[in-house]
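Scrolling down, you'll hit the structures one after another.
The following pair of complexes shares a single chain, subunit A, combined with subunit B in the former and subunit C in the latter.
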Partner chain A sequence: ALVSCHRHYRSRPTHGIGRFKYLLPKEAPKKKKDKVQMKEIDVGTEHEYGDLNIQMTSYDMCLVEHFAQYVHRLCNQLSVRVKESYAMPTKTNEVLFLEERGSKMQLDAVLTTHQRVVQISGLSSTFAPILLEVIQSNQPEGVHLLVKEHTEADFKSRLKSRPELEELLAQMS
Partner chain B sequence: MFPGTSGGRGARRERGGNMAAPVSVMAASARWGRRFGTAAAPRPWRLFGAMCLLRPPRITQPLEKEEEEMAALMAQIELEKSQYSDHEIRKLQEEEQLRRRKESAYDDEDEAPGKTVIMAQDLEDKWEQKLLQFKAAPRITDADKNNDRMSLNRKLDSNLMLLVKQKIGNQQLWLLPQVEWQPGETLRGTAERAMAMFLGDRIQAKVLGNAPHGIYKYKYPRAIRTEDTVGAKVFFFKAFLQSSDLSQAELKEDHLWVAKDELGDYLKLEYLKKVNRFLLDL
Partner chain C sequence: LSSWLPQMVPFRGSHWQSSLLGLRASLLMRAQPKKKKKVDVKREQAQKDRMKKKIKKLEKAAPEMIPIEDFIAPLKYSDNSRVRSLPPLSFEETERRVLLMKKWCLFKQKQDKAEKQAIQTLVAAQQEALKELRLESEELYQAAIRRDEGLFPYEREGPSYSPPLPGYDPPEGKCVDITKVYTQ
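Right after this comes the complex of A and B.
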């Protein structure tokens, strides 16, 4: 036969053999809007940091990406839980030199700034200085390193603003 | 003080071996309990907090031979695989135009002054000139050549640590700056006080965490031991210098900025072993 169909027809007693999806637990319907935040555990008596962001910025994209990969792998190996690893949008700066002498010449230079963020959670306070020191001593040249706690503002900076929504909200209130 | 340590510990172990098994186990557990106990019961150990002040490296270390070859190879592969950038395309186009103009014997002379005032080649020449004007700072500074251990400019590509000459018991020894712990103070505070004592108040040093990085304990020789003090424990903390200018007063004593491999020249063996345990080598 050209098309071999292994399905059992409805009138046959073997209809529905092989069904299993009804046995699996029910999944919650996936909403379009992302959940905002995980809960944060802060220091105190817990001796653990909450969500930490390791932000690496540089003009050189290869360096920054390789360094971000290195940090991610290091955390994996040291069994520090990496929650997210994302990149912020690149910022382009145009540098104009205005030479006043002679004719006004403008020499342009275009600089792109790249930023990568690795988000960690569950770092114990006895281990944190060691990890920070390792990362600090392995920093490549030209890469700025910043380690800070994750806040809502950081989360919001990743999302795009919707001017129409804001206009409507402003009109409403 | 220091030479007496290994002797004291060795003697203790021998005695433990002679005793019956359960008694020695109890003695061991009692010793451990005393070491980690945080109760306010009279502790026979005197506590010191020491600060290991590191100056982080300013330059990266030079690449090894294999690393350099690999880097050159990768660069060549990338160059061959890459595509032309805008600037290069522009340069090629202009070269073609020039060639065409020369071959066609100056036919379109009217176009020439109107079109490109600045050619890509001119830009490149300008950039090359600027690069030649730029002078990088030397990697091997004067302090390296003089081997001046007191200056901070010495080994720009490795960590430098502060060593101070301190009086312990009746000996003058080279140590990491340490100060005795006072009750009611955190050990980190003690270490910071030690640093402030030797280098003045306003140092921009960053301690990364509250946990000590290492511990060195030693027992006093029999002569000085009393009921209260059996020995001393020194807790080490690490701090990183943020700015490398120490214009504030370097108080008294001799101080040295020393790299890890040179530590052996100054520190005693047991002390050195414990200190080496928490020092990271880049």
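Right after this comes the complex of A and C.
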């Protein structure tokens, strides 16, 4: 072990050979707890749209995920800046139907609705209709497309609700 | 005090009694004027401080994101006991599959290239039209360049597998939302 040691003694001219970390730019210390903070919402100028959310909803998870991947790659290729690409929480619905002869509601199916969001910004006003056209023509069946501007309410819907805090705040005011 | 009330009714016009309901309160106030006021104010202040402290403590904790069930694999799939045993494929079958995959890749590549070509032609045509419009009138060009406020929100349903059946009578029923509500 000692023979294979490559360290050179401090008095030797080869001391410190192989050091390189001091040449690299300094990294900010990584915080273990990354506070979930909302990124600033871009409003956009007269010729450019601000933050836009392309929301894709469907009952079929694989289809919606593949479509989201496709949209993301398309934006990358067309050099449209993709700010964020995330999934919204899944919604579960129980479908009950009334039997033909009977008054009892019978369980038909349990459906899960999946939603994926691709957030883009800096879309120019001339290119927007072209992008929409391309996305529409590749829309798979059963996938509902919604393109809207990003708001704070959209971000807040991803966070957990805090009933205690809301109660206390209501009591205060 | 309650036995006083029927007697006090004809005296409603007197100066120290504004209403029947205020009878008890006014009498109490006159008996013990100052002590109760201070204690109430202090208690209220203490309550408010406690609430403010609680709110501060709750607000310190960062808001958490709702975990997405799609990305959490259910435990029953992590069980390694079930193993699929497929029969070995013949040479012709593997060849057929490989050739089919190559044909599919070529088809998709052509499709993708055609799409990119279409986008390029669209952009070129748009730019040319805008150039001509600029030569025609500067005002119209500026108006065309602006962003469309009515474009968003834009909604579109995906194409369905079959058109809606004419005269279809759906059974009566309802949808119940059973999504798990996460609280912090």
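Here is the rule we go by: the second predicted complex is superposed on the first by the 122 of 173 C-alpha atoms of A that agree within 3 Å, B and C clash if a C-alpha of one lies under 4 Å from a C-alpha of the other, contacts with A are read in each partner's own complex, and residues count from 1 in each chain.
Throughout what follows, a residue touches a chain if its C-beta (ideal position, glycine included) is under 8 Å from a C-beta of that chain, and two chains touch if they have at least 3 such contacts.
Fair warning: this is a prediction, and the values are worked out from it, not measured in the lab.
With both structures placed on the common chain, the touch criterion links A:132 to subunit B and to subunit C. Once chain A of one complex is fitted onto chain A of the other, the partner contacts of A:87 are limited to subunit C, with no touch recorded for subunit B. When both complexes are overlaid on chain A, the residue A:141 reaches subunit B and subunit C alike. In the superposition on chain A, contact is made by A:48 with subunit C only, not with subunit B. Applying the stated contact rule after C-alpha superposition, one finds that A:61 touches subunit C and leaves subunit B untouched.
Taking subunit A as the reference chain, the count of touched residues is higher for C when subunit B and subunit C are set side by side. Contacts of A:76 after superposition: neither subunit B nor subunit C is touched. Common to the subunit B and subunit C contact sets on subunit A are residues 125-126, 128-129, 132-134, 136, 140-141. Those residues of subunit A that touch subunit C in the shared complex are 33, 35-36, 44, 46-49, 52, 58, 61, 77-78, 87-98, 100, 105, 108, 110, 114, 125-130, 132-134, 136, 139-149, 158-165, 168-169, 171-172. By the touch criterion stated above, subunit C contacts subunit A in their complex at residues 48, 51-52, 54-55, 58-59, 62-71, 115-116, 119, 122-123, 126, 130, 145-148, 151-161, 171-184.
Per the touch definition, subunit A reaches subunit B in the complex via residues 107, 125-126, 128-129, 132-134, 136-138, 140-141.
Partner subunit A is touched in their complex by these residues of subunit B: 56-57, 59-60, 126, 159, 208-211, 213, 238, 240, 280, 282.
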